[in-house]
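Next up: some structures, all given as structure tokens.
Next come two complexes built around chain A: one with chain B, the other with chain C.
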Partner chain A sequence: MKRVGIPQGLFYYYYYPLWKVFFTFLGAEVVKSSPTSKKTVDIGVNLAVDEACFPIKVYYGHVSDLLKKDVDYIFVPRFISIETRSYICPKFMGLPDMIKAGIKELPEIIDMTVDLSRTDKGFKQEILKTGSFFTNNKKKIKEAYNYALEEYKRFGELVRQGYTRQEAIKVWEGEEVFLSEKADLNIGVLGHGYSLYDDFISMSIVKRLRDMGAKVHLPEHIKGEDIEKEAASLPKRVFWTLGRKMVGSAFYMDKNSDIDGIIYVACFGCGPDSLIGEVIERKVKKPFMLLTVDEHTGEGGIVTRLEAFCDMLIRRRKLSESNISCYG
Partner chain B sequence: MKVTFPAMGNTRIAIKALLEGLRLEVIPPPPITKKTIELGVKYSPEFACMPLKINVGNFIEAIEKGADTIVMAGGWGPCRFGYYAQVEREILKDLGYDFKMVILEAPDFKLSELFTQIRDLAENVSFLEALKAVKFAWDKLKAVEVMEKDLEYYLPRVKEKDKAESIYDYALESIDKAYSKKKIDNILAEARNAFCNLDFHGENILKIGLLGEIYTILEPAANYDIVRHLGRLNAEVCRAVYTSSWINDHLLGGILGKSNHKHIVQCAHAYLGSWVGGHGQETVGCAVDFARRGYDGIIQIGPLTCMPEIVAQSVLNRVKGEENIPCITLYFDEHAGTAGISTRLEAFVDMLGRKKEREGTKVPVEIFG
Partner chain C sequence: MICYLGVDIGSVSSNFVLIDQTGKLKKKVYIRTQGNPVKAIKEGYLMLKEGEGIEFEIRGVGTTGSGRHLASILLGADVVKNEITAHAVAASCLYPEVKTIIEIGGQDSKIIILDRGIVTDFAMNTVCAAGTGSFLDQQAARLNIPIEEFGRKAVLSSQPVRIAGRCGVFAESDMIHKQQMGYPVEDILMGLCEALVRNYMNNVAKGKRIEELVVFQGGVAANIGLRKAFENFLEMKINVPEHYNVMGAIGAAVLAKEYIEQKRIKTAFKGEEFILEGEFVSKSFECGGCPNLCEVVCIKRDDKPLAYWGDRCRRWETSLNKGDRRNLKVV
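== the complex of A and B ==
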């Protein structure tokens, strides 16, 4: 049985169920890299160029981790565009080439190109090309993809139920994840999924906020059309898919009276974040905090800022409650 | 209507000529100084790339000199440049400035739509006049590039570097003031003559390919004037990007003569299989091309956190090994310590020189890792 390695980074958090089912259906064994750890980061930082953003460095670490797991292939897709007239980020467009240039003695790389910016014609070809690593039966490849798509939809439904993407993957794989219902504060948290839901990169921001008694609202919990509607209020359409989702979610949360404050988790060196964060910060009226994460691991700074933010929200609420006239 | 525009090296001369030709009152952005950059850095997002910060500085200074309309270009990604104008407008508005922003862009970039936008900007000129303005601006652009190439050629070869630079500076100033094609031709001939009359030192010259992000290459204030710096170290610089060839390749689809853009993309293909926005793929392609044409070394420059250049840089690691060419990458930001850059450039040039002296014995590429 052929073993396909999937690095636990970047679009893993968005598409892992799809990929896993697709490859398994075609008779391959799917091997994940180990969850991000200090070691993954150290290796990644050494392999990648200094200026690359943190999630990319971590991804290098994950690919390198797979080398030890005796895999026949490593799946490193090239994401140009996942919807019409929008892009992800230049780094995703060059990812397989960057990996090949940066890591020696790689097994064969399956570098499927996903480009839906104009038509999906080429995409079908790419699926067949990817499947052809395992079988020549085109019908079976199509079947595998359709089946994978079903599972991907099921995963999408899980994501909408209040889980983070990482938790949703766990639930999808059959683990139980307990969500606490008790919540005093409602905080919207935004960020690129691959940094926000990687516990190491984001230093478990979502978990920490929950422990502080906050209910965390994520872009995944908002309806797609609501996000698009809010994002369309900008004079120019944001041409980064994830960036536009964040702008839309931020505006939606800003209008939603349930939400007390918004936290944006940005990555040091992330191009879209540097402009999107600015656009959101200038438009949003609610308490807003931008947290930048990178490879430094001092948790104290993050914890202090999260606590201060929550304290501020609670004080602010008391203040506005005491403003209500006692005489009715 | 008093129009201003973002500075990008010597293209300012051509843009100014174009807008003036459209009978607009033009307030060119004042020369980029430390103050410009400070203003830009103060009001721009911290992690935005350098060109945005310089743009903001330019606009603030131009508005304070009386400009009320900003002409800016746009685009549709994935490079951040496409969203510059939007963010810049928000920043300036929040600062309380009153201005109008004209953004030249189209959903799918077509030349015809660019013309329509320029026509809207210049309501009171005839089509013929507009065409003349475009032609004259193009002439100026070509003239400026002839001067830039002359400086790149003569500066490393002459003994009196200061004189070569003042010939160049004077010629550019004259081109900016010139009002006819004939006058421009005269200026070019005079400058060429003056360059030839300088004393040459006759020593070996190193040839270095300069590639990377277009704004950083074109704007001396954004690259510590790297061309002159290298010229003074007796290294001849060949740039991968010239404005006129960029316009020909990207806006006109190569109708103004032979373009080597296809060749460059082909060179890149083995190393970088997709375009990555900005100049990423061209950077890789040009690096391969420079290596195969026997250049002594290549220098990649770009603004800090530039996404396409980071992709290119990651891939260049492989290029320099397989094509056997020394290469360094320099990123620039608002940090103003020139000593660090000078030291690195000098060390790089020294190393290339030693490598050339020991002709035949190759310097291991690892040294430049």
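== the complex of A and C ==
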């Protein structure tokens, strides 16, 4: 049986169930890299080009981790666009090439181009090409993809139930994840999924907030059409898929009276973040905090800011309970 | 005399205050942490109880600053609070009308916006520590000027030079260049103050509406050059409280006082002997439990472990008996 390695980084958080089912259906064994650890980061930072953003560097570490796991292939998709007229950050476009240039002695890379910016014609070819690594039976490949899509939808439903993407993957794989219902605060947390849901990169921000007694609201918990509607209020359409989701979610949360405050987790080296964060900060009227994460592992700074933010929200509420609006 | 202890262990300085039941400051100690918070806590406590023959009875302890958890282990704290809340509480006790707090410390700078004594917005410097106390310290040392003289020299300037404030490294090379050109030292110093204010306004206070009354606190508030630069920039009066350098500690003490009085409980303070007579050692080791290889710190008193931290999974943190760890829980 052929073994396909999937690095636990970047779009893993968005598409892992789809990929896993697709490859498994075609008779391959799917192996994922270990969760991000200090070692992944050390290796990744060493291998990657300096200008790349932190999640990309971490991805290098994951690919490198798979080398030890005796895999026949590593799946490194090339994401260009996942919907019409919108794009994924250009770093993803060059990802398979960057990986091939940066890491020696790789097994064969399954490099699949995902570009739905105009039509899905080419995409169907890409699926067949990817499947052909395992079988020549086109019908079976199509079947595998349809089956994978079903599972992907099921995963999408899980994501909407209050889990983070990482937790939803766990639930999808059959693990139990407990969500506490009790919460004093409701905080909206935004960020690129691959940094926000990676416990190492984000220093477990979601978990920390929950420990502080907050219920965390994520873009995944909001209906797609609501996000699009809010995002459309900007004079120019945001053409980054993930960026637009964050803008729309932020505006939606800003209007939703249940949400006490919004936190945006940005990566230091991320181009879109530097713009999207700014747009949100200017437009949002609710308490807003921008947290920048990068290579640092000192958690003090993050903890202080999160604590202060929660403190502020609780104290503000006291002020508004005395019947005075505090939303300037 | 009944009093409450507030401790602020920062990156550069460690501050200790005692306030009485009315919230009045009775005693303060400001020392440099010098990279050894354990020693600083011991020394600071010793200095606090030295001097006049008044007997203090500590009813409550509050800790803040980046070393707040460490301090709470050594002293036994009732309240462990982040710096932002502590600073805001202290300032609004002194100035009930305060709307804006500018706080610049050793490694961080922050702006706190208040409405009727309650924090409604805040921001801290993100990835860059340019324009904080340690940068000023460094530059003063390079120019061979005692940091205490810095501000006084700077205000003598009549024509401040323009210095790039976006980045500490840029500022430094700009300063060196201007020095080599022969500009007087005071003009360079004032130029640096103005650059720092610009940096603060563009990075930390970005997009915030600054309204009067403005309070400037933190160790850097000692620098009258910077105070003047802020006044010029904002065209507002800048208030510097008398005890500007220990405001965090005052806030922690006030919070401890409120907490103890409200809950009517006995303090968790471990007592003088505990802090003064024990030998505290901190050791760090790399945990091999998983590939994270966390750097775990262990604080020991006379070879008995008091606390662990730094482990992501908390297996060390929770390995000690839970009762003692209650103090670490952030309230």
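Methods note: the second predicted complex is superposed on the first by the 322 of 328 C-alpha atoms of A that agree within 3 Å, B and C clash if a C-alpha of one lies under 4 Å from a C-alpha of the other, contacts with A are read in each partner's own complex, and residues count from 1 in each chain.
Heads up, the rule we're going with is that a contact is a pair of C-beta atoms (placed from the backbone, for glycine too) under 8 Å apart; a residue touches a chain by one contact, two chains touch by 3 or more.
For clarity, every value in this text was computed on a predicted model and none was experimentally measured.
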> Of chain B and chain C, which one touches more of chain A's residues?
Replying inline: B
> Is A:Arg305 touching the first partner chain B, the second partner chain C, both, or neither of them?
Replying inline: second
> Touching A:Asp294, do we find chain B (first), chain C (second), both, or neither?
Replying inline: second
> A:Val238 contacts which: chain B (first), chain C (second), both, neither?
Replying inline: first
> So, does A:Ser132 touch the first partner chain B, the second partner chain C, both, or neither?
Replying inline: neither
> So, A:Phe268: does it touch chain B (first), chain C (second), both, or neither?
Replying inline: both
>> Contact-wise, after the overlay, does A:Val49 reach chain B, chain C, both or neither (first, second, both, neither)?
In response: first
>> Tell me the contact category for A:Arg282 with respect to chain B and chain C: first, second, both or neither.
In response: both
>> Let me test your reading of the model: by the given contact rule, A:Asn146 touches which partner, first (chain B), second (chain C), both or neither?
In response: neither
>> Which partner chains sit in contact with A:Ser37 here, chain B, chain C, both or neither? Use first/second/both/neither.
In response: second
>> After overlaying the two complexes on chain A, where does the chain B footprint on chain A coincide with the chain C footprint?
In response: 268, 282, 292
> For the complex, which residues does chain A have touching chain C?
Replying inline: 34, 37-40, 199-200, 204, 212, 268, 281-282, 287, 289-290, 292, 294, 300-301, 303-305, 307-308, 311-312, 315-316, 318-319, 324, 326, 328
> Okay, in this complex, where on chain C does chain A touch?
Replying inline: 66, 81-85, 115-116, 118-124, 126-127, 207, 209, 290-294, 312, 330
> Where on chain A is chain B touching in the complex?
Replying inline: 48-49, 51-52, 78, 80, 85-91, 93-94, 96-98, 100-102, 111, 113, 234-236, 238-240, 266, 268-275, 277-279, 282, 292
> Which residues of chain B touch chain A in their complex?
Replying inline: 45-49, 74, 76-80, 82-83, 85-87, 90-91, 94, 271-278, 280, 304-308, 310-318, 329, 331
